Amino acid sequence: MLTDFGLSDHYVGVVHAVLEKHAPGVPRIDLDHLVPPGDIWEASFQLRCAWPHLPAGCVVMAVVDPGVGTKRRALALALGRRFLIAPDNGIPACIGVANQTVEIDWRKMGLPEPSKTFHGRDVFAPAAAWIARGEELTSLGDEVEPDLLVACPLPDPEPLTSGFQATVISVDRFGNLATNLPASSVNGDVSAVWSPEHSARRVQTYSDASGDEVVLLEGSAGVLELAVNGGSAAMATGLRRGDAVRVTTTIDEGGD
Amino acid sequence: MLTDFGLSDHYVGVVHAVLEKHAPGVPRIDLDHLVPPGDIWEASFQLRCAWPHLPAGCVVMAVVDPGVGTKRRALALALGRRFLIAPDNGIPACIGVANQTVEIDWRKMGLPEPSKTFHGRDVFAPAAAWIARGEELTSLGDEVEPDLLVACPLPDPEPLTSGFQATVISVDRFGNLATNLPASSVNGDVSAVWSPEHSARRVQTYSDASGDEVVLLEGSAGVLELAVNGGSAAMATGLRRGDAVRVTTTIDEGGD
Amino acid sequence: MLTDFGLSDHYVGVVHAVLEKHAPGVPRIDLDHLVPPGDIWEASFQLRCAWPHLPAGCVVMAVVDPGVGTKRRALALALGRRFLIAPDNGIPACIGVANQTVEIDWRKMGLPEPSKTFHGRDVFAPAAAWIARGEELTSLGDEVEPDLLVACPLPDPEPLTSGFQATVISVDRFGNLATNLPASSVNGDVSAVWSPEHSARRVQTYSDASGDEVVLLEGSAGVLELAVNGGSAAMATGLRRGDAVRVTTTIDEGGD
């Protein structure tokens, strides 16, 4: 489960209860429930980071759903050997091209009429549980064209003459600034510049940094991030999500 | 589990460990651990919202217990096909009339003498685990009269000539203001008034609202709530828990 | 699991996923993920409190790891009938003398090369899962001398003529101030003094306090703590972690 339900209400617990009722005994994992309310960008980033590490056969229910109660589609997708249940608001398009995509139809599933405000509980959870216990995707609804999904909100890095214009796409608890640039895109003598006076050299590990130096290194999601060893790069740089960082390489290799 | 233990200490984890020791393999669900310290009102509301969605046979351990270490009673109740373990401080009385109620007696259970400050770990968790693994309620202690419980702290709505005086009883993460008035209590052309200058019309879904309009709609718990589509009704109205909202209907139907 | 990963990113969820992949069906418990970033002291305290209540055979993965990516050792220890997986940064030394200690070697385990920044996911989680599913400690790496571990950061109380110089070692959600002094160390007429004008008498339970009196009582971890019934001792006293509290007894008994 990946949601913006927060942890100070019964919402997450009730979805767990519905999942347990519809798919008893299936293990459940909470990926993140503190996505800022309605923040599709952040949800997409967290999902993209987690996705490659999830077990084969798992079903991810990603419900950050500012359009709940409107005509936005509810989708269920098979991607590789995993499944995703999510509203069609950009999140599904962020993790790749699906093998199969259906639009969830609570009438076809025989569910009671859902509330207008909590489809996580009333639609997405039953759908996720059905797949988790082995039902076919088509038992949830009819197939749709996978190329007509709402586009992923996460920006791509833009190539420059000798590097890339990257974007800060997430700030984690430690103040590390993740960019959208895969670490494998740049080789050689790499540095990041975010203002005329400020730049960071690329290192291998936090401990290569001296003192409170801001450094550029490959984070756990495989993208380059700005970090301060034992400190917060967000505080040190003042950078925020959406800000631009120019990543340059003197050897100018374009990637693998 | 529903507690005010928070998530920044080992308290919740240790209760999970005790439950696993006493009832190995039984699935556990965290409903909410961020109830404000000692806030029986909020705990009662969250429990009431979650209750109808919980699986048959489940045991809810609701420990918001400012009276820990005093003579307040520890109770175990059967209500319909579910069970509740909680101190007798108003929470148990909020979810209905029990089929059977016992006062938990750690001596009768053969438990070691509990600490003075953490009955969640030392008394309530073992009691919940015993029920979860199939023991009878009477194995925990002697039966008590269910009509002598401490009263539920949640106020009821008060009937008016053409509607109800409702009360805001909870503010969720999204800033939605839940009242204590069931949506089914009022029909027709309904509106809510909370000051001489401010009112909201009833709509079906968030997207029926225009711009940052405050609207009244049926929330996921079946009660009327004030909401702003993509925004916070709490911020927009300045209303807080306990504040009054007058809900009026021009057709003046008193209920369903 | 006990970490400083926080709850607003995918980190905890991904570790759960890795554990599920390597040890399917083994129950997992979250002890605490809101340890302040890199705070080994707090992690050690939380672990020490939880340890005696954990089930026999359980494997604790305690990853507060400011030295990730450096040469600090990754350890796996057997202590009594439980296991601990943690970096060698003081946390392992806080819970006692191990029966057996090995240094985790991802090469010996045949794992893919780990990232530089997320050994919780890439090294500690697979190691914990191997032990949880019954592998020998020596399958993770070679044995090391248990007396060469980095020392526990938690201070011990210092004996005085008639009592102890104790230290506040943790402040919980309720504002209770836990000291490092076992309640069994002092008997008789005990009081705590933290400034020339401020002291607290020892009581048995919160309700023995009158009004907003600060009292000294045995907390759930068996150590003396300062508390205010229904209030916050941290706010009432201004004391913080690391501050000194003199605990005196008029009968002057040195221990249990």
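First chain written, first letter: the chains are A, B and C, and each begins at residue 1.
As a convention for this text, a residue touches a chain if its C-beta (ideal position, glycine included) is under 8 Å from a C-beta of that chain, and two chains touch if they have at least 3 such contacts.
Just so it is clear, the structure is predicted and the values come from calculations on it, not from any experiment.
Asks: Quick check of your reading of the touch definition: is the inter-chain graph here a line, ring, star, complete or other?
Replies: complete
Asks: For the copies chain A and chain C, give the interface type as same if over half of its residue numbers appear on both sides, and as different if under half do.
Replies: On the two sides of the chain C and chain A interface, the residue numbers are mostly different, under half being shared.
Asks: Turning chain A onto chain B with a C-alpha fit: angle in degrees, nearest 5?
Replies: Angle of rotation between the two copies: 120 degrees.
Asks: Rounded to a whole Å, what is the gap between the Cα centroids of chain A and chain C?
Replies: 32
Asks: Which positions in chain C are in touch with at least two other chains?
Replies: 7
Asks: Considering only the defined contacts, which chain B positions touch chain A in the complex?
Replies: Residue list for chain B touching chain A: 2, 7, 27, 29-35, 46-47, 49-50, 53-55, 58, 170, 172-174, 204-207, 217-220, 227, 230.
Asks: If you look only at chain A, which of its residues touch chain B in the complex?
Replies: Residues of chain A touching chain B: 4-14, 16-18, 20-21, 24-25, 37-38, 66-70, 115-118, 121-122.
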